[in-house]
Amino acid sequence: MLSTRKLGLGLLSVAVSAPFLYMVSVSLMGESELLRWPPPLLPQKPTFGNYAAALAALPYAKVFLNTAILAGCVMVGQVLTSAAAGYAFARMRFPGRDGIFAAFLATLMLPAMLLVIPRFLLVNAVGWVDTYPGLISTELVSVLGIVLMRQSFLMLPRDVEEAARLDGAGEWTLFWRVMLPLARPAVITLALLAFMDQWRNFLWPLIVTRSADMAVAEVALAQFHSTYSGNWPYQMAAAVLVTLPVWLVCLIGQRYLMQGWRITGAAVRL
Amino acid sequence: MASVTLRRLSKVFDGGVQALHHLDLDVRDGELLVLLGPSGSGKTTVLRCIAGLEEPTTGEVVIGERVVTHDSPAERDVAMVFQSQALYPYLTVRENIAFPLEMRGLAHAQATRRVLETATRLGLQSVLDRLPSQLSEGERQRAALGRAIVRGPQVFLLDEPLARLDAPLRIELRAEVLALHRAIAATMIYVTHDQAEAMTMGQRIAVLHEGRLRQVGTPEEVYQRPADVHVARFFGTPGMNVLQGRGRAGDKGRVIEAGSLVIPVELSTYEGELQLGIRPEYVGLCAVDQGVGNVDVLVVEPLGSETLVHLNAGGQPLVARLPGFADVRVGTRVGVKVDRRRLYLFDAAGAPVA
Amino acid sequence: MSPRGWAASATAAAALAAALTLAVTHWIERRYERAFAFRIARTTAAYVAAVTPPPPPPPPVRRRGRIPRPQAPITPVPQSPASRTYHLPSLLTQARGLRTLPGWTTEVEVYYGTAPLVDATAPPLSPDDLLQLDSAGGRWREGSALVPLKDRDGREIVGAVAARPLRVPTGPLPGGLGFAFPAAVLAVVGAAVIAFRGRSLRSGGYVGAALLLAAASYLDLRAVARSSTDRWLTDTRRLLQEAATRLPPPRSRVSVSDLAALVQDAELVAGEPAESAPWRARVDGAPRAIVAVLIGSGRWVDLRTVPAEITTLRWLLLLLASALVGPLGILLLRWAERTPARKRRETAIAWGFLAPAGLHLLVFTLGPAALAIYLALPLANFRTIVHDPLTWLSMRSTGLYALYVPVSVVIALGAALLVHRYRVGWGGRLLRSALLLPYVTSVVAIALVWQLIDQAGTLGLGRSGWLSSPATALPALMLLALYAQLGGQTLVFLAGLERIPRVYVDAARVDGASAWRRFWRITLPLLRPLTWFVVLTGLLSAFQVFTIAFVLTQGGPRVLVQRAYQLAWGGGGGSGGSQAFGMASAFAILLCLALVVFSWPRLKLLGRYAQHA
């Protein structure tokens, strides 16, 4: 009984991580190795040449910078707007609160495609196509982030808030110096989720950016794919390079990510 | 320091629950008043109305000479110690104590000095740079006290500050709070549901029951001369026995019948339903038919210095408190004696009868 | 606040709303007038171009020197060869003739170069005006529509035509806003009467007044739009009749197609004799404004165009919104009056905290959603989409694709149960990290690995090219999606399992329930809401799948979002026009409606789930 379960566990681990191991493995192969039959699983002579070549072909520094700017700005923006809105929804009483929250939730029903065109027209009208503001501005608020923050603020005890009021804290101080630090785990979770979501954002950057100078990770990788479609080791090296930052972030923040699931659910973007 | 006056204070919560009914209360300048009541009696609501955390539905809150009913908590210059301590978990003890000073824009040097003074007074010097999670329960409660006293507010509000502590620590800290009160001569309102604590701490005790103020007086007054049956029941361990009975004219003058007891009472003006109160220490046992009635022994609790005997007096519970180990057997039938000078009589609504 | 002060504020709010509504109405009416002016200017330009002959052949003495021009300085000098430009004297006659046409309603001016021809004393255009016309095709200048007058081949700009719309009074009052203005006065007076009469207010009264105002403004607006179409028809009718007699010989009978060239955005078909006034009718189910034109003895044609008033409905929303500003303001005033200061303060602060997110949603979500609806109109777009087989093809492949969701949910639940037993220890932690991998990895990278596995034949199935063969691409896509979603879903279930209090399971164990029974009777019922949540979110994201399909199956099965993308931006990356955006928006709205109908419980579920989390 126990051994079957352990076997299942092992199988699952291998099945889940195999494509990634393979990705790294192929990225170390020579260009012609994959042409043999049967195709090898491991490189004969591991080489880092593909990485050097991919780094040269993919303007990695530029792409990395663009994606980092996008993900960083959106992370800060989403944390601030979600925390403020979630705080109001969770800890304040005002007429229409529940109705407005329901309206916020209702926007989740709008498919991305519906919004993409008018958003593009809007961004185009202000002349932001192919600029950082155009790339970033539409992503600055996340309704799921608001739900997450609201939830975590709901769970905080009333006592500390009231103690701070008696200590003479104003509304802003209360939020910024007391409540936000108390909700720190949720803030970190949201920041990580926002960062990773933006690192993997594809549709919007594809539409709103034009020049190679503005390409972000996913778009650049897709372009790399169509340019070097035959050369798999190249592409795999590029894929590893593009994914590496997210893997690192994930490794560091795994604990917080697991926590985020409690509320946000499966919001895998495909 | 300042007095606190509540005038006709009422609070109705959003759900329609009326927590307070027309409360009038004067807390004198420099006094330690204990607000006592069972849970759900509204004592915490009173405290929160004074602090400004709740807005009363009607009535006024006056601190010193100032009507503060609609002021924000920050404007009232009151400090509050919470049962949960409510320390900022991400700040050190030093920062926690300094927080109210910082909020009031006190100069840094002055704030540092005051924090140090307060910490010294409470014996917290050695843990100033620790986080609340690294403190013992007692140290945490001291830190919470420190945060309250550091800015020298007009009024201290303490909301069951010791309820979560274990017994020895509670007794230790109770003494410390009393010493603190003497040292800074502050106006303190201390909320508790523990009547023993109330008796030991309060200069005066205000008893709340179901949102109404039943009695305000010294510990002796509320124990000896309870204003109504609720107050009477609340004090003492165990509380007063209250038997439902009626007065009538008997063979040898007037008597009160309560369960299986028939007690002769000098009662000229009242006949009909009433409630008879006897403290357990004034209930004695004797042989069958020798006392004012016969009862069945249900449970015997020997506690060492005394023995509690739970009795069934014709369907009504009665507790007797006997000194030392008493030789009473469960299931036997015994007679009951009562000290007739120590009887309390209340009418059906609970108000005392002459 | 005193009752009088309160009433005064309420009246002020009503007045403000009335003024706003009038301003909005005026602005929209001006839009229609401008559109009319541009249209009649274009038609006039086409008419002038068609009826004016080229200059006569130059005299043979041409080389000796230039013929002095009849008019004062004309800049820039038209560059066209002689045969393509106009005979200036007859251009002058044509232009001046316009004013004397009976029934002509518009003030027009024809410029040759920069010089006005009709009213010679009018100020000339500046050279810049002409240059800007070149790039913009037409612009609004000093209260009139200015459109280019091209040479006879329609290549170069040789001049311009300006048209100034004359205001047409509508309703019972002279001077425009004939319905709206009295309604506005009525609404404000009504609000004042209700407010000053006493504080037992009837919001219904205010709302009624506001609705009246909006309705009257709409009537005005519609009348202006209608009259703009009527005037274009009337004026164009005159032009066509003139053109029929003046179109240059050799033809003896003017052909309908020659005349149709003058009115490019309207239809000209053979018709019956009728009155000179325009009328409305439905042609092939579509509404049309029609006027009968006599173009020769006994020859009648119908001039048909889309009536402008059918586009007015979209403005009604704006009018309603601005008219309701008043009742809303009054409602706000009432609320402020009834609410204690402290609560007012708290509300204001809460709105302050909500403002950033709220404004962003307004600008970048609700605004665009409304814009999408606007873009998608007219309804013909929806009809086209519904009749497009590609829509149903993409719907079908997306529907089939979504079938992977139940499978992946079942597998994820099983995996979660398995992993849950290994909460501690490095094995469990490693597996959790492994499950996180596909969730956090770039979607494009995952898609690439799969394509690699597919093309290199790593699985030993041969170099199948499953992803590129139409028959197998969809299952291959589903397999990939299942893989990519599995980790995330497992982790959701894991989080759910961790929240189930141990006592339930322990109690069942004490009762002697087997592991199987414990799962069916305890774990699964407790996880049911979460399972629905995972299924619904999975289906929703499946219906919006884009990235993997876009990267992997160029030309393979088109899923819904891909089809919308294709409609908007074409197959590659070229920018689409407004027509394309309209189609794509209509498509996306249909998709949205389908999603809402299909997943309405999701919101409730999400709410309930969030409450319990």
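Worth pointing out:
The letters A, B and C name the chains in turn, as written, and every chain counts its residues from 1.
Just so we're on the same page, a contact is a pair of C-beta atoms (placed from the backbone, for glycine too) under 8 Å apart; a residue touches a chain by one contact, two chains touch by 3 or more.
Predicted model only: the values in this text are computed from it and were never measured.
Comparing each chain's Cα centroid with the centroid of every protein Cα atom identifies chain A as the most central. The interface with the largest number of contacting C-beta pairs joins chains A-C.
If you average the CA atoms of subunit A and of subunit C, the two centres end up 31 Å from each other.
One simple way to say how far apart two chains are is to compare their mean CA positions; for subunit B and subunit C this gives 69 Å.
Measuring from the averaged C-alpha position of subunit A to that of subunit B gives a distance of 55 Å. Residue positions of subunit B touching 2 or more other chains, listed in rising order: 72. By the touch criterion stated above, subunit B contacts subunit A in their complex at residues 51-53, 72-74, 78-80, 82-90, 99-100, 103-104, 147. Residues 55, 70, 72 of subunit B are the ones that touch subunit C when the two sit in their complex.
Taken together, the subunit A residues at the contact with subunit B in this complex read 157, 159-160, 162-170, 173, 178, 181-182, 184.
The residues of subunit C lying in touch with subunit B in their complex are 340-342. Contact residues of subunit C toward subunit A in the complex are 335, 343, 346-347, 349-351, 353-354, 356-358, 360-361, 363-369, 371-372, 375, 415, 418-419, 421-422, 427, 430-446, 448-450, 452-453, 455-458, 460, 481, 483-489, 491-492, 494-495, 499, 533-534, 537-538, 541-548, 550-551, 560-561, 564-565, 568-569, 573, 581, 584-585, 587-589, 591-592, 595-596, 599, 602-603, 606-607, 609-610, 613.
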